[in-house]
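Both complexes shown next keep chain A, but they swap its partner, so chain B is in the first and chain C is in the second.
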Partner chain A sequence: MTLKVKYFGLIAELTACEEESIEISATSIAELIQFLSEKYPSLKSKDFQIAQNREIASIETTLTGEEIALLPPFSGG
Partner chain B sequence: MSRYSRHIVLSEIGHIGQEKLSKAKVLVIGAGGLGCPVLQYLTAAGIGTIGVIDHDTVEVSNLQRQILFGTSSLGLNKALAAKRRLEDLNPTITIHAYPEKLTHSNAKSYFEAYDIIVDGTDNFETRYLISDMAIIQNKPVVYAAIFKFEGQVSVFNYQNGPSYRCVFPNPPNEGSVSNCSEVGVLGVLPGIIGSMQANEVLKIILDFGYILSGKILCFNSKTSETAIIKVSKSETAFSKALNKDASLQNDYIHTSCPTETSHISIKDALKLTNTEFIDVREIHEQPKLDTLNHLQIPLRELEQKITEINTDKTSIIFCQSGIRSQQAIGLLRKHNIQNSYSLREGVSKLIEELNIKA
Partner chain C sequence: MNEKKIKNVFKEGAISSEFIGQAIAKHQSKTTIGAHNIFLGQVRTDEINGKKVSAIMYTAYEDMANEKFHDIREATFKKFNLTCMHIYHSLGQVNTGEICLFVFVSSPHRKEVFEALEYVVEEIKSKAPVFGKEFFEDDTHQWKVNQ
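Coming up: the complex of A and B.
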């Protein structure tokens, strides 16, 4: 399936883009993360939360969505 | 009431709404990039009681975005400087300035005195503390955080809604995300995001519109795009917060950002109450500090003598120049002693300052 993946904050810096389309046969969020971590090795050391179709998901969630977002926590104020 | 006439003519507010604002009590934690616009709009709106906590001083590099301050505030504590400016903006309300750091020992009493908590802090340690204390005391938190050109806004813990830990269950690993406000930030960004926080505060008090509860709004100033992401309540996250000992003390990351959270100036240190000064120099080192009661624990013995430190007090660590005291803070953080600062200046300056005071 084709997924639109959106990156925020520090994650967008390491992927060097804010959004991209990915062709993937993964069935779970965990597999997608695995795929992205191979594409962007420095992602492994980062903390982020995943959203699927604009809803916070967990690593066990089944991949159904068209849009995935990788949301890191921000500390700045 | 002509001060609020533009509020009162709105059917959503009116005299009744303005009265609600005047009875509200809001605590703003952090008077930085986010805190400044929040404080300005809440003060202008006539929130009856506003508390502001910040232990930091105004530096020239703050003025690019912290629009509450001018050059005349440089070197002053932010909470006190904010109070001065805000009282000019609206002398009809009550503003309490607390020139100290929010810690797990003082958070409880601060939270008890206010209805709504605004999180405008710049570090994860305080964000998780705020989140957990808000769950324990059942107070809504108007949250925001920024990074360079992006901001996040949400209302947590509102009418039984989700909390910060439902989005980010645990503090990030050390080094995984920047915990330092030394990162660049577009000056106007905290202005936009902080104004959104003020908007949420007003909606909560006035009870109109839709509150940003159960969702997190992500704004990108480069693209002007906004994404709203739904958040569900996680009972695990809540029980983590309610299990106070685990979450309030052991769980936070212990990075120290030298210019922000772990350093304190002599002036601010002397303003704090309930402090204990600790000299981490070797016993033989000169000059001696004899005008102030203090503990002496040389840095190399600090770890084995860690139990001598009274954690109910704020520890102010000093040495000859501020380098060993900073290392000491690293050790204390490792042993979960958060309520401590490294004195920015060395012992000579401290003696000088005490002599002036005496």
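Coming up: the complex of A and C.
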């Protein structure tokens, strides 16, 4: 499937882009993280959460094709 | 599902004292209110490895953040007897000493606003996908992490 993936903060700095479309055969968030870690090796050492369709998702979550975002630790306020 | 319109809490740049003053003035007509409580987040001159922070550049996953702010509002109204609540957060550059977060809660009585304000601010810190890039005086930077 084709996934729209957004990157924020420190993560966007590592990927050098804020958004991209990726073609992927992965079915879970865990497989997606593995795919992205191969594409961007520096992700491996970073702390981040994944949101699917604007909700935080655990690594077991099934990919639905909706928008994905990689979110580093929050620092609002 | 809740059909209430999702508000945009973000403002470009620092939140001015005039804006905060006007927000207070607008509530003078709401005379069932007996107590307001206000939280103002201010950008601090942190010193890290001998270098001083001069500003924070805020970015956010705006769609998700506005949904989270909405959820926090709804949960707070359920938990506490509030008359009204307003939340504003900066995006873009905010210099040290300037205000980046303004939370304003109002109720007939004081007890509710003390508890509600702390709840709202802690929820924002932990749930809103907002990211602060701390700039130092020598133009280097680091990404802030909430304590």
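Definition applied: the second predicted complex is superposed on the first by the 73 of 77 C-alpha atoms of A that agree within 3 Å, B and C clash if a C-alpha of one lies under 4 Å from a C-alpha of the other, contacts with A are read in each partner's own complex, and residues count from 1 in each chain.
The criterion applied here is as follows: a residue touches a chain if its C-beta (ideal position, glycine included) is under 8 Å from a C-beta of that chain, and two chains touch if they have at least 3 such contacts.
This one's a predicted model, so the numbers in the text were calculated from it and none came from an experiment.
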- Query: Between chain B (first) and chain C (second), which does A:23 come into contact with in this model arrangement: first, second, both, or neither?
  - Reply: neither
- Message: Contacts for A:45 in the overlay, against chain B (first) and chain C (second): which applies, first, second, both or neither?
- Response: first
- Message: According to the stated criteria, A:60 is in contact with first (chain B), second (chain C), both, or neither; which is it?
- Response: neither
- Message: Under the stated touch criterion, name the partner, chain B or chain C, that contacts more residues in chain A.
- Response: B
- Task: Residue by residue on chain A, keep only those touching chain B in one complex and chain C in the other, then list them.
- Result: 6, 8-10, 51, 54-55, 69, 71-77
- Task: Report the residues of chain B in contact with chain A in the complex, numbered from low to high.
- Result: 30, 32-35, 119-124, 127, 144-148, 150-152, 166-168, 172-173, 175-181, 183, 185, 190, 216, 218, 220, 223, 227-232
- Sites on chain A touched by chain C in the complex: 6, 8-10, 51, 54-55, 69, 71-77
- Which chain C residues qualify as touching chain A in the complex? 41, 58-61, 63-65, 67, 89, 100-101, 121, 124-133, 143-146
- chain A contacts chain B in the complex at 6, 8-10, 18, 45-47, 49, 51, 54-56, 69, 71-77
